[in-house]
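Have a look at the structure that comes next, please.
Naming follows writing order (A, B, C and D), and every chain is counted from residue 1.
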């Protein structure tokens, strides 16, 4: 099966952007590899692992090739971590400089819209979108730096269409519905 | 100079207690060494260093000898980390089981009342109170486990009055008014 | 049972001292707490945990109260780690500045003499000797800094005879006869 | 300038191979990316960083694409770390399973032959050789996992000739002639 069988990554549905003067879209980032770090500010695995890793990615690759975005996908404790002010204070204290979008809450569901569209398993999750805007992988938990660096580079060097690969299955979740050392599963 | 020259530790001024069925006071903890971890939930040094260290202290010493308390001393971002609900969600996600008091906000000052009474330099800070209720040290920043374990034990083994010692001066602060790797100075 | 029931720590049997102009003995160190780090230069747990911890102990306590010694207790790979030259190169590269004695090999036994006399379980092991020269604890594996700092301080503050305590049982050993993450059991 | 401008990697000059039934050569590994970890068993930066990283590389990439080799490039303490027996004991204790060659000592020079041919700056160093046998980079010190993973992958995905790139300059060395936290410079 050829690379044309990859689906386009669902467009981001963001209610507000921080660290960014104007709204971003995957459509306008076409041509670059996009690394999306889905997180919650009260998720311990996001704070200790996911976000520092995303910062290392942003420092390791040229911004001509790779764009790093945060996506605040609140699916629990909405009242206390769901506000723009809370997130802004968090980003300030943790020195996170890349653009972060607040995933748009859905009316009837606890899952925000982008998180639901990507069928993420929890936070932290890393989403990779190739230069052609196609969804290439979604990894829940703690991918190793070596593997993530390799995976991103495999997309950076693609000139045409990449080979088809199933989205990564992610780490096994020991406990459902509560944050653990790996992250916060749904 | 004898131990009688130590001042009594100021009583805790707490608006609400979490992880604790009823209010606590230093007066009723007389007879035990009290270790108070002053923190803010959005302070990176508190999350990565201070609170895990306080958890290790709670696990390393007998509760017959040493009581570990958290004190949420909000002096910035009041709107987003100052609520009981935000703190409760944080303690839940970070699996913090010892009692935590919310330092009572003061009317005219950005510093909460207990933090002001102890003249803390910022968060995280560790306060040590001896069995006789006297203030023995206040350390801002990241004390090493070896030194903290030794300091606590020196209070545990005191039977009578301890020797006078100046409160620890704390680490040097590189930057005033913003959180850094060591913590959040005032 | 009173402190007089503690046995005197067996005297060190050392074939050669490094980082030290003349031979040391426990007898002449009477009056100070002695922390002995038993290690082998090819033991991974000694290199990553035991020796750095001993260095932190040496830095954390006053040399008026606490003396840190290394003891090279070779019980495997004698040919390659048993020479004075190999150990000297190792201490130089790892920047270990405290005195280190080479435990005297025994004629008929693979265990060196001091290690046998202390009935150590393997390397790394930390031995604590009190100011009166009595053996107070032997811990195999990776004691936490908080606990070790507390234990050392409990000996530092002793003025008279300390209370009797059984030597620490040490960590459980998963595998016999091969080095693992914790150290090298016998 | 095209990839044909890359020089062929100098052939390995090895006096003895461990973890390997028969001698290896770059010539026979043509078709695969070769990652060579140059180390010394008494180099602290090699033990704490370089060798564990090489082990992670071996686990992260398919052996169909990437071969990891160790190269014991002894340039100091020859007497104590230069023997086959010492290295064998070290590899056993540190659970290093990939093939390791002992870089052949030179008659008149302190530098072993392969290390001299590659003009390495010290240990640890990582050498990358592409599928066509060309030398692509030499990095002294502590490359980040993200960057190393990306660099290896960029060679894995090459089908034809890769683009020319200057060998990495490596980290700055603070001190000449003595091991420091980064490694052992020449």
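FYI, contacts are C-beta pairs under 8 Å (C-beta built on N, C-alpha and C of every residue); 3 or more make two chains touch, one makes a residue touch a chain.
No experiment lies behind these values; they were computed from the predicted model shown.
Interface repeat of A-B: among C-D, A-D or B-C, over half of the contact pairs recur, by residue number, only in C-D.
Using the mean of the Cα atoms as each chain's centre, the chain most removed from chain B is D. Put simply, the C-alpha centre of chain B and that of chain C have 35 angstrom between them. Taking each chain's centre as the mean of its C-alpha atoms, chain A lies 49 Å from chain C. In chain B, no residue touches at least two other chains.
If you draw each protein chain as a dot and join the dots that touch, you get one closed loop, with every dot joined to exactly two others. Across the complex, chain C meets chain D through its residues 42-44, 47-48, 76-77, 79-81, 83, 85-86, 89-90, 93-94, 179, 184. The residues of chain C lying in touch with chain B in their complex are 56-57, 60-61, 144-154, 156-157.
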